[in-house]
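In the two complexes below, chain A is the common chain; its partner is chain B in one and chain C in the other.
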Partner chain A sequence: MKKPVLLFLLAVTSTAWSAAPRDLAEAYAAEASRQAPGFKASPQRGAEFYAKRFAVSDKMPACSACHTDSPARPGQHAVTGKAIKPLAPRAEAARFSDPAKVEKWFRRNCTEVLGRECSAAEKADFVSFVAEGL
Partner chain B sequence: MKNTLLIACAGLALSLPARADSLPLPADAPPSFKAECGGCHLPFPPALLTAPDWKRVMARLDRHYGDNASLDETTRREIEGFLVRHAATRSRLSGAGDPPRLTRTEWFLREHRKVPDGIWRDARVKSASNCAACHTRAEAGSFREREIVLPGAGKRERD
Partner chain C sequence: MKKILVWDLPVRLGHWLMVGGFALAWATGDSEKWRLVHVFAGSTVMAVAAYRLLWGVVGSRTARFAEFVRGPGQAFAYLESLLRARPPHYAGHNPAAGLAIVLLLGLALASGASGWLTYQEIGGEWLEEFHEVLTGTMLGVVGVHLLGVLVGSLAHRENLVWAMVTGRKLGAPEEAIRGQRFLAALTLLAWTAAAAWWLAR
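After this line comes the complex of A and B, so read on.
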């Protein structure tokens, strides 16, 4: 992660302020625009990313393996069977309110599903799709 | 006299519950236990594996049953310490295999011997470690028989 976003996230977590998903998407978009000037988060690209079969992992080939085809629906862990609450804040208010938690799960799930960490641009698109819909 | 005492003791032993149906989360559980372990599965009661088995689990988090569940060293130690403090000491809870699985101990197998095969394969269960699929109050540490609902089969009949 680039420094300014890290500082932003740290500032947010240290004051225990709950970042709205929109703020989070904007922070990721700001980081992405430093790498690609003019970058704008796209819910449409986020939706395509969410639906894409990366097929890196047998048990978790795509986001939908655990989170179903819609982020607004409850999911189930593909290996352990544990119930997973919906990802979309409109269905589960606490989602995307804790930047450190969001970063942790992007790191873990991107590594598992894509075989690498996600870029700031991918995260910006993803959050804007999941939080705001199409 | 001796005999009477012996019989009284035996009677008491028999009257003790054979099931560990209440396994509340120990009060000294660090928040990281629920946050990290509970992220992907029920944060298992530490009393269901022995200390050497918990240490084995915590020593290989990068290869955690097919997943990379690595933690920073401070958190890893904190969780391991908690698990070891409350680990099982009885032999019925050893023999969990390698990697250790709490679903393979003599105790677990005996407790679940009457569960029909089809239940284990049910999509809603998926894994023997998915306690909450049947134990409706597992999240609260309660595993009472009357709280069991087998997916698709309704309430579990009492023995």
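After this line comes the complex of A and C, so read on.
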């Protein structure tokens, strides 16, 4: 019972604080620089990561399989066909404002598309690309 | 006492459809690749639970809520008696099983509804979180139910899992139900298939 309660509190408090995407990218970069000193988030690397075909899942080989080639455009679920709101905060303001939600979807989508969890460095690059563009 | 029919076909079929549906829905919950399977499995659980509510009123005697739903006090008293030498034997559902049925049916309907509303993007973020809390709670109740089945089976030297397959348990001949209710079982299958297909569209 402890974990759901904790997640719930995390979700409630983080929504109230509503961190900016920039803060989130910086938090991931700070985490990454603990493992690799001098790490700086790179939108270029984020863009390459976003477009890369990991080909672990046949239905969802890459981020762009559902989110299209541009994170600013509306996407479409590769299996259900349901519409997905744009990932980029400049197109959809609520994106990357809730750290708990971002963590949840990194965990779920990375596991499925990459076959493993994403590193803090990958998350930092990804958020800086999606939030700020190239 | 001898082996008599106590669970009709709709009860057993519904039970195992819920087992399969819940297991499949749990296994596919975090996956987008299996999203349609997840929604179909969850819808199956919800459809069976809805049918069970009706069957709890018009079904065979042992399937009726009035026959086996007792308060939590009696349920816990029964659980306590399992730990002692001679627990009372029930041909139908014992009071603890009755409580598990009520909880599981309620949780199945609530988690199914919250999941479906989330899938249709009618509910907000909180409903998705609530869905996860409900299904987690349901898994917990399933765990307690399984433990109860194991302890009950040992205490009564009666394989209760197999009883839910064959419908037959030890009891007095006059406690037996009249028949399998084949037509109602067919109706359950047709209803579940139609409802799950409609919900998962």
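Note that in this section the second predicted complex is superposed on the first by the 119 of 134 C-alpha atoms of A that agree within 3 Å, B and C clash if a C-alpha of one lies under 4 Å from a C-alpha of the other, contacts with A are read in each partner's own complex, and residues count from 1 in each chain.
Operating definition for what follows: a residue touches a chain if its C-beta (ideal position, glycine included) is under 8 Å from a C-beta of that chain, and two chains touch if they have at least 3 such contacts.
Since the structure is predicted, the reported quantities are computational estimates derived from the model, not experimental observations.
Using the contact criterion defined above for the overlaid structures, shared-chain residue A:His77 touches chain B and also reaches chain C. When the two complexes are overlaid on their common chain A, residue A:Gly115 makes contact with neither chain B nor chain C.
Once the two complexes are laid over each other on the shared chain, residue contacts for A:Lys59 go to chain B and to chain C alike. Annotation for chain A, partner touching more residues between chain B and chain C: C.
When both complexes are aligned on chain A by C-alpha atoms, chain A residues 59, 77-80, 82, 108, 111-112 touch chain B in the first and chain C in the second. Interface of chain C with chain A (complex): residues 30-36, 121, 125, 129, 132-133, 136.
If you check the complex, the residues on chain B that touch chain A are 39-42, 65-68, 124-127, 129-130, 132-133.
The part of chain A that touches chain C in the complex is made up of residues 4, 7-8, 11, 15, 57, 59-60, 66, 77-80, 82, 98, 101, 108-109, 111-112.
Looking at the complex, you find that chain A touches chain B at residues 59, 76-83, 105, 108, 111-112.
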